[in-house]
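Each of the next two complexes has chain A plus one more chain, namely chain B in the first and chain C in the second.
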Partner chain A sequence: MAVTVTIPTALRQYAGGNASVTLAPGSVGQILAALTEQYPQLGKHLYNEQGALRSFVNIYVGDEDIRHLQGIETPVPDGETVSIIPAIAGGARS
Partner chain B sequence: MISRTLEERIDRRSTLVELVGNTPLLRLTRIDPDLPPEVAVYAKAEWYNPGGSVKDRPALWMIRDGERRGLLRPGVRIADATSGNTGIAYATLGAALGYQVTLALPANASPERLRILRSLGAELVLTDPLEGMDAAIRRIRALVQEHPERYFYPDQYNNPANPRAHEESTGPEIWVQTGGQVTHFVAALGTSGTFMGTGRFLRAQNPDVRLFAVQPDGPYHALEGVKHMATTALVPGIYDPTLADGIIEVRSEDAFAMARHLARTEGLMVGVSAAANVVAALRIARELRRGVVVTILCDGAAKYLSDRFWDDGDGRDGEGI
Partner chain C sequence: MVLSSLSNEEIRRYSRHLILPEFGMEGQRKLKQGSVLLIGTGGLGSPLALYLAAAGVGHIGLVDFDIVDESNLQRQIIHGTSTLGIRKTESAKMRLRDLNPHIDIATYDVQITSENAFDLMRPYDVIVDGTDNFPTRYLTNDASVMLGKPNVYGSIFRFEGQATVFSPKHGGPCYRCLYPEPPPPGLVPSCAEGGVLGVLPGVIGTIQATEAIKLLTGIGEPLIGRLLLYDALAMRFRELKLRHNPDCPVCGDHPTVTELIDYQQFCGISPEEAHRDSTIEITPIEVAEWLQSDHPPFLLDVREANEWEICRLPGAVRISVNELAERMNELDSAVEMVVYCRSGVRSARAVDLLRQAGFRKVKNMAGGILRWSDEVDPSVPKY
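So, the complex of A and B:
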């Protein structure tokens, strides 16, 4: 029972150099909480002072932006991939 | 303005290439009413360039340099890795000068961006979004290595003609437009060409001019075209870290708020990196009792209109920036 979280190049230095991390299934919020618990340095890059995802952080479940799903409540089933996409390079905009 | 006749004021530039540079220097008069009266903040309106951004300057200088060195000639394609304004500058100038253009860029580039580049006739090679610009750079280098005779690779990160464009145009324009009164220059680092070239020119005119480089608060940010020099794997060869008197870090959220604030208080619709430059310029200006602070409005807002941040304001825009 596992999901894969892919880490963009810019953030790998805060995630032990890993391009991807394997975590237990759950909601996007739960998975990102587990990720930042494992790699605390990632936290300030993803969350603002209020503890919400920073407005320009792009999270995808499979090929879909979570803004078009249920946000951080989006369930991530076993075997699915959560991607943190760079905010720019054109940026995944919607 | 009655001091000059229409005859004297009329702009006689008639080709697209002649329109590169000589942009207006705007005084930001309403952005911060609390600034001391003897502190002025000015910004170069770079969207007046024909390709819509400051990048027309280095693109033109690198193209002309390539021609002079015989690397770029009819039938040779201009090839580079760029998701943004430099690509639009190559495509614009390439079309006007009769050169074809090939660009590598991450596949998550905005639809406006892709449409502009394709409309200008550029050939696009799309790379993995997760890998950011690094994958695009590697792809274009491989392509050029495979067929060196087909391509001219300007390599804006390492081409001295990039900062030279600013040493020979942006810097002298700012010097003349401020009557030699500029005391502070503030600009974000991407390739670092704008900061290096303009900074070097201004410092050569007046060693007391202070130079401040703008940086995002981390490597994962939304400041289009800006590079986090402390962590990037690919530090531009043209970057000299000893030139700046200081580094000013700007959060992406503060740049978003400033973009909204500039629109409402100055009537200026600018891009995110331009807004970041203004955040930094104001931070400097607020510390002064007198001075002339100059920064760069890298581009206008047209390419960013589908960004969500324009809607994020809650009526308190301008607070905290």
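So, the complex of A and C:
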């Protein structure tokens, strides 16, 4: 029984360099809590001072944004993937 | 609309398009009639401009105020060694002129701002976002939505890229539906800080070029409402669903942002903030003299390990700015300290962190290693 959380490049340094982490199924909120318990440094990059998910970090279950599902209450079944997709800006000038 | 005709020369040039059943003469004439504004002539803008010009897009506008630097050439393939030091728009125009003399190329050597954005974009059918910073991304998005023009979006970081087409006019979402607010400065590393695989903007830029051509000709299924993710290391493409947000402040049912705003301020970059460090800055020459004195300062390097391998200042100790909060106990607040990085931006952030934690004797070396190399020791490589 496991779900996969994919960690974007920009945040891997706060997750022990891992591209993905395997965790127990549950709600999105429970899974992210387990993730930040394992990697406390990730916390401030995912949550703001009020403990809400930051508005420039989107969370997807499968291919759907949790804002269009049940938010952090969205259930994540066994075998499903949770993706963390932060805003990135790179393109032109260095 | 009457489409412009093609000369025999153009027919020869575009023959591989013309024999595509989905494309034909009509598709090519639509391209000739079409216009695309490229915001940024860098990593993404380079392959974009080259392919759009080669394909025969009749009117291409290039917006960039930068000049060609050696460190650009690892990925910005429209420029070359022979155009180092000249304006990117000029360098790009020369290359495009050689590639296809049948098209119009307009250059704008300016930074796009809330004041000029509408004037720059209005003449064009499709806007392509190839910029490197959040203020310009939000500005490009908002102005495109307000003008009702599709915005072909691409973004890259290290080994990963994203692409989509924002077009509320076609029922799709805009950038603000995806990310309502920008990250505060410093929380998301830039390309200059994080690095980027040179070929990555080639992949994402050519996806953007493909979408621009599809929008102009009306063929295929545009990348609207879908975010394409590319991971070069895993060599994997994924697709996520993007939905229009009815509460979006720009393209929602009751928009609250109806004119262009101050995007620097929106992204948390205030002019005071940019200058607030001047009292605690020290020049590389002053640092060099201080290091020769009887009471040299402690030198703290806040760059990443791979940058440390490229070059470092003698006697420095390295703690990455990203680890600084956790490792502050390794530092002594009683000793005079100079903090440096590559260009002085990350070290300014580190000095802020240290000062907030009660370190009073900390100074930021202005201009970082780049300026050290210019003014103190040219044997230290710039990167």
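In this text, the second predicted complex is superposed on the first by the 88 of 94 C-alpha atoms of A that agree within 3 Å, B and C clash if a C-alpha of one lies under 4 Å from a C-alpha of the other, contacts with A are read in each partner's own complex, and residues count from 1 in each chain.
The working rule: a contact is a pair of C-beta atoms (placed from the backbone, for glycine too) under 8 Å apart; a residue touches a chain by one contact, two chains touch by 3 or more.
The model shown is predicted, which means the values in this text are computed figures rather than measured ones.
S.K.: Could you tell me if A:Q41 is touching chain B, chain C, both of them or neither one (first, second, both, neither)?
M.R.: A:Q41 sits against chain C, while chain B stays out of touch.
S.K.: Between chain B (first) and chain C (second), which does A:E64 come into contact with in this model arrangement: first, second, both, or neither?
M.R.: second
S.K.: Pick one for A:A87: touches chain B only (first), chain C only (second), both, or neither.
M.R.: both
S.K.: Answer with first, second, both or neither: which of chain B and chain C does A:S55 touch in the superposed model?
M.R.: It touches chain B and chain C both.
S.K.: Examine A:A10 and indicate which partner it touches, taking first as chain B and second as chain C; both and neither are also allowed.
M.R.: Both chain B and chain C are touched by A:A10.
S.K.: If I apply the document's touch criterion, which positions on chain A are contacted by chain B in one structure and by chain C in the other?
M.R.: Of chain A, residues 8-10, 13, 45, 54-56, 83, 85-94 contact chain B in one complex and chain C in the other.
S.K.: State the interface residues of chain C toward chain A in the complex, per the touch definition above.
M.R.: 39-45, 64, 66, 69, 71-72, 129-134, 137, 154-160, 162, 178-183, 187-192, 194, 196, 201, 227, 229, 233-234, 238-243, 245, 322, 326
S.K.: For the complex, which residues does chain B have touching chain A?
M.R.: Interface residues on the chain B side: 83-84, 105-106, 108-111, 113-114, 129-134, 136, 218-225, 228, 231, 233, 252-253, 256, 306-309, 312.
S.K.: For chain A, which residues are in contact with chain C within the complex?
M.R.: 8-10, 13-14, 19, 41, 45, 54-56, 58, 60, 63-65, 67-68, 83, 85-94
S.K.: Considering the complex alone, what residue numbers of chain A touch chain B?
M.R.: 6, 8-11, 13, 44-46, 48, 54-57, 83, 85-94
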